[in-house]
C-alpha cells in the first residue's frame, strides 16, 4: 500500500500548552487509521494541523511522499483533504443544502442550488445516505446533523478524510451505518483518519496510533493489538472496562414521578405521561436515542423547566414546579449533558465553579464577602479527591479537557447533593479512563444510599450500572426493564418505539 | 475711575460667549451688529472682539474667567442665559462689564447688564400681512423650543393676523430641538396639509414652502437668501442699539468714571429704536397688493411713532 | 382632532411617514447587512453623521447633488473600514468600536465644519426635489403618498427587495449570513472570514452613510452640529425590533415613522395635550408595541462576537 | 517574517509601553488635526495641559468633570459585565437630577446630614425606577434592553422638558422660564471641599462608588453572579440563580449609579435643574466604562482622563484658538489608539522563519 499522507516531526504549541510534540504519523491509501488517546492528548490538534486550520510551529506534511505546503483549509481542500470537526461546524439556521454549498461556489451571482442538488443526489445514492436536503439543520436530531458534516466533505471530493469523533453523537445503529459507509469509501480508494474513544470502533480500523500528552506512544496494526493494550498505552495504567456493581437492596423510595408531562417552546408535547420511581441504593437508567425527551425530563426534575402536568414526589414532598434553587436546597444534584453550557461557567476558575450555585451559602461566605480561603481550600480538596488534571484551582474551567471539566461538575454535585443525583449523559465524549472513573463514582454514591437517575446513550453504561432501565421514545416511557433479564437488542427495539414489558418495575414498585 | 482721567480709552475689546454658534441667527446677528459698530467707531473706539464656540454652564463660566483674568477684555458679552456664571465673577472683576442676553437670566445689576431682545413688533406686522394675504384663513408657525422670547413673537404674529382678519385660524408646532431640519420640515408640511397657506418659520427650513409654492416669513435674521422665492419678509433682530447702549455704558464708566448700573429688569429696544425691523424681500413685492402694503406702512409708522403698542404676550402659543 | 380624518391630512400623514422613513431605511438596511455578517456596529449615528457631513461639503463645494450622494456613500464606506479594522482585524469589542466611532465622528464633523465655515455665513445648497412619477402620481391617495417623492426615496424602497435578494438568493448573501451565524463554517472551507467581514461592513456602512446623506440632501439645506439627532439609535432599535429580517426592519421603520408622523400631525391640528407628550408618543408607542409582540429571536448567533480561529 | 504572537500572560512593562505608545500616537494624530486648521500646536497642547492639570483650580475642574463620568462609567461596567446592554445611562442621569430636585422640594429645611443623603437617595431612586422598568420589559415582556433604554432616554428628556416648560417646575415670575427650574436655595448646594473652590463634596462619591463596585464585583456573591451572568447565564439558571431577579438588581444598581451622577451635577454644579449640563454624560459614560476595560478601577482612570480633556477644552478654545469640538475629536482618536494598544498589549512581536 502506498502512503497517502505523512506527517514528520510536527509540533504545535498553544499559549502555554504543547498540544503536539514532534509527532510522526503516516496514513496509507485505502486504510482506516485510528487516532486514539486521552481527552486532551492532541488528536484534534493534529488533525487541524493536517487540515491547515492550525499552523504547526514545526514539522512537515507530505502527500504521496511530496512535501506540500498547507497554509489554510483552502490548500487542504485543493489537495483532497476533508475534515469533519469534533464539534459541529454547522449553521443551524441554514438548510442542509445551504450548509453544504456555502462557500463552495466560486462564480456567479445567484445561488446555484440546482447543480449542487444534482451532485449531492449522486453522492447520497452512491453511499445510501438518506437526508432531506431542504430541512433546516436546527430541525434535525444531532445524529442526522453528523451526516450533514460528512456530506460537506464528500461534496468537496475529498480523498483523505479526517473524522474527529464522528460517533460521539450517533446511536449504535447510526454508528454501524457510518462504518459501512466509511468502508465503502476505503474501497473506493479514500483514506480515513478516524478519531474515537470507543474501543469497539477502534478495533474496526486497520491501524491505530496512540497519542499521550501530545506525543506518539505507538502505532500498531490493529490485528496485533487488544483493547486492553490500547487502553494501557493510552492512560499509562490498566483500565477495567467493567466496574463491579455490588448487590444492594433498594431502600425507601426517594423520587416518585407520576403522569409527568411538559411542553416545548412551540407548545408541542415533549414529555408525555411519564411515571417511575427510584429508591435509595438504586440507579434508574434512562435509555433512548438523544432527543427523545431525556433532556426535558431532567430539566423538569431539576426545576429549570415547568411541568405541564403530573406530580414529582421527592422524599415525600410534592416538588413539581419548584425552582432549581428549591430543588438544590432539598438535595438534588444535577449533572447536565451540556457541560460547558449548563454545568459550568467556562470563564470562571475551577475554584469558582466548584461553588457555582452555592455562592451565597454561608459556608463559603464571610459576612457579605465570599470566603476566598474556604473556596480555594475546597477546590484543592476536590482537585485531589477527584484527580482533576489542572495546574491549579485558578485555571479557567474552559481550559480543561472535557473529562476534567466533567469531574468538576461531578465533584460539586456530589458534594452538595443529598439523596438524589440526576446524571444526563455523564460519559459522553470522555476517554475510557475517565468513563471508568465516572462509573465508579456513581456506584459509590449508590452505595452511600443515594437514588440516581442516569441517562446514557451508551447502553454499556446502563447495563454496567443500572438496577432498572426505563426506555424513552418521543417523550414517553416505552417500558421499564431489568438489565439482568433483558438483552441489549431488546432494549434497542424499545428505543425504536416498541412498547416493552414493564413487569420488572411493577414487581418492584408493588413490593 | 482714576485711570480714566488720564486719557480717554481708544480701544474696546469684547469677549463674546456664543450660545449656539456663529451660523445661527441668534449669534450671527450679534456678530453682524459688532461688525457695524466697528465701522461706526462710537466714541472713536477701535472695537475688536473674540468669540468662543457655543459653551454652556460652568464651561462658559471658565471661559469668562479666562477672558477676565487675561486682562485684555473690557466687556464680556455672554450671549444667552449666563447670569448664574456672571454672578460668580462680577464682583471679582468690577471693571469688566458683563452682558447677559435674553430669557432665563436674573437681573443682577451692577456690572451685569441684561440685554433683552423682543422681535414681537415686526412679527405683529408680518402677521398682519399674513392675515391680509391668506386665502385659506389659516396660518402656521413652527418653533424650536418654547421660551419667553419665542412665544412673544408667535403670539404677536397671530395677534397681527387676527387684527387684519378676524377669521384667521392658527396652527402652532414646536419640534423640541435646536437643529433638526428634517423634523422641522415635517411639521411645516403638516401645517401646510392642514390648510395653512402662509408659514411663520422660526426653524429656518424653507424647503416645504418652496415645494408647496407658498410664501413664508423668516425670523430673527433676514432669511431671504435661504429661499429667495418664498421668504416674503423677515422679522429681524438688530443688536445695534444694544451694542451701542453697552458701549456707552462702558465708556461712561471708563472715561467718565460713572459707576456701572446694570438693569435688573428686562430691557429691550423696540422697533422704533432700531432694536428690530421688518426686512421685506423686494423681489416678492408683487405678492403684496398695494392697499395691503399701504395699511402695513401705516401700521408700521404708528408703531414707530409710538401711536400703537404691540402687546407682549408670552403665554404658550396654541393652535386655535 | 376630527381634522385628522380629512383626506388631505391622511395623505399628509402617509406621505410624511414615507419621508421620515426613507433615510432611516437606507441606514437600517446597511446595518442589517453589517449585523447579518456578525458585526454589531453601534456606530450608526456616527456613520450617518459623517455621510451627512460629506454630502454637505460636496454639495456646497461642487453644487452637484449626485456627487454629494457619492460622497456620503464613500464616507460611509470609510467609516466601515474603521469598524472592520477594529472588529475583524483587531477583534476589539464591537460595542466599544462603534461607540468610539460615534464619538470620533461627532467631534470630527463638528471640528471640520467649524474649520470649513471659519466664521463666514454658512454656505447652503438646494437639495433634491420631489420627482412625480408620471401617471402613477395621479392615482388618488397612493399617488401623492408614494409616487411624488424624492428620487432617492424610490431607491430606498427598492433597496429592501434588493437587500432581501442579496441575503437570501445570492451566493454572497449565503456567505454573508454564514458570517453572522457561524463564521467557522466558512473558515473551514478555506474562505477568508475577515475579507468577507470587511466587504460586508463596508457595503453596510456605505448604505448607512447614504442614509445620512439622503437626510441632508433630501430634507435640509445646511449642516448643523449633531445633525442626525439620534436617528442612528432608532436604526438600531428598528433592526432589533425587525428581528434582523429585511421585511421586519421595513415594518419596524415604517411603524416608527408612522407614529412620528401621526404625532406631528396631532400637534399641528392642536391636540390639547402638552406637545412634549406628542413628541414622546412614537417612543412610548414603540415600547408598547414591542411588549405585545413576541417572536423567536432572529439575532445572528455569532453577532457581536469577535471571530478567532485559535 | 514578523508575526504577532499571542501572549500567555500579560507583561506589565509591555502593557505600559503599549498604552504610552497609544497616548503618543493619539497626541500626534491630534497635532496633525490641529495643524490642519492652522493653529499653533504647542500653544494648543499647552492650553490643554494648563486647563486640565495646570493649577489647583484646573485640577478641581478636572475632578468635577470626571465625577459624573466615573459614575456613568461604573453604571456601564456593572451592566455590561453581565452582558446587559443598557444604553439608558443618559436618561438615568436626567432621572437622577429630576428625582433629586423633587427630593429637594420635599426635604427642604432638613439639616444637611439628613438633607443631602435624602436628596441623593431620591435621585438614585428615580434612576432605579427607570432601571426597573427596563428590567421588567426585558424579563417579563422580552423587550431587548437596547430598545427599551434608548426609548426611555427619549421619554425622560421630553418629561424633563415638560416639567420645565409647561409643567410645574419651570421658573416663573420675574425671570421667565427658559428650560430651567428656579435656583435651589443656598442650603441645597453641596458643600465645597476646600473653601470657595468649586470642588464640591459630591466628587468624593464616585471614588467611593468605584471602591464599592470593585469590591462587589470581585468579592461578593452578587459580583460573582454578575460576572457569571455575562459569561454563561444558562449555567447560572441551572444552578439556582433567579435570572430575572438578578437582572433587575443589576439594572437598578447600574441605574442608581448613573442617577447619582445626575444628582451630584444638580446639587454640586448647576444648582438648578436644566438639561444642558446633563446632556451626553450618559453616552460618554459608556465609553469611559469601556475604555476602563469594564473594570471599576480602570473606569476611574478613564473618567479622570476624559474629565481632564473636558476641563482643558475651554482653555484650548480660549487660549489656543481652536474650536472646542477638537476635544470630542481628540477623545475619539485617543480612544481608537487605546483600543489598538489594548490589543497590542496581548501580543508579542516575534521574528519567525516561515514553516515550509
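By written order: A, B, C and D. Residues from 1 in each chain.
Here, a contact is a pair of C-beta atoms (placed from the backbone, for glycine too) under 8 Å apart; a residue touches a chain by one contact, two chains touch by 3 or more.
In this text the structure is predicted, and so the values were computed from the model without any measurement.
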In the touch network of chains, how many steps separate subunit A from subunit B on the shortest route? 2
Measuring between Cα centroids, what's the chain most distant from subunit B? A
More C-beta pairs touching across which pair, C-D or A-C? C-D
Counting in whole Å, what is the centre-to-centre distance of subunit C and subunit D, each centre being its mean C-alpha position? 27
Whole-angstrom distance, CA centroid of subunit A to CA centroid of subunit D, is 46
Per the C-alpha means, the centres of subunit B and subunit C lie apart by a whole-Å value of 36
Going through subunit A residue by residue, note those that touch at least 2 other chains and give them in order. none
In subunit B, what residues contact two or more other chains? 53-54, 176
Subunit D, residues touching no fewer than two other chains: 6, 158, 161, 165-166, 323, 325
Please categorise the chain-chain contact pattern as a line, ring, star, complete graph or other. other
Using the contact rule from the top, write out all pairs of chains that touch. A-C, A-D, B-C, B-D, C-D
Touching subunit B in the complex: which residues of subunit C? 3, 8-9, 11-13, 15-16, 19-20, 23, 114, 117, 119, 121-122, 124, 127, 129-130, 215, 219-222, 224-227, 229, 260-261, 264-265, 267-270, 272, 275-276, 279
Contacts from subunit C onto subunit A in the complex sit at residues 169-175, 177-178, 181-182, 184-191, 296, 301, 309-310
Contact set on subunit D toward subunit A in their complex: 6-8, 215, 219-221, 224-225, 227-228, 231-232, 234-242, 355-356
If you look only at subunit D, which of its residues touch subunit C in the complex? 6, 33, 36-37, 80, 85, 87, 137, 141-144, 146-148, 150-152, 154-155, 158-159, 161-162, 165-167, 283-284, 286-287, 290-291, 323, 325-333, 335-336, 339-340, 342-343
Residues of subunit D that touch subunit B when the two form their complex: 51, 61, 64, 158, 161, 165-166, 171, 174-180, 183, 198, 269-272, 276-277, 311, 313-315, 317-319, 323-325
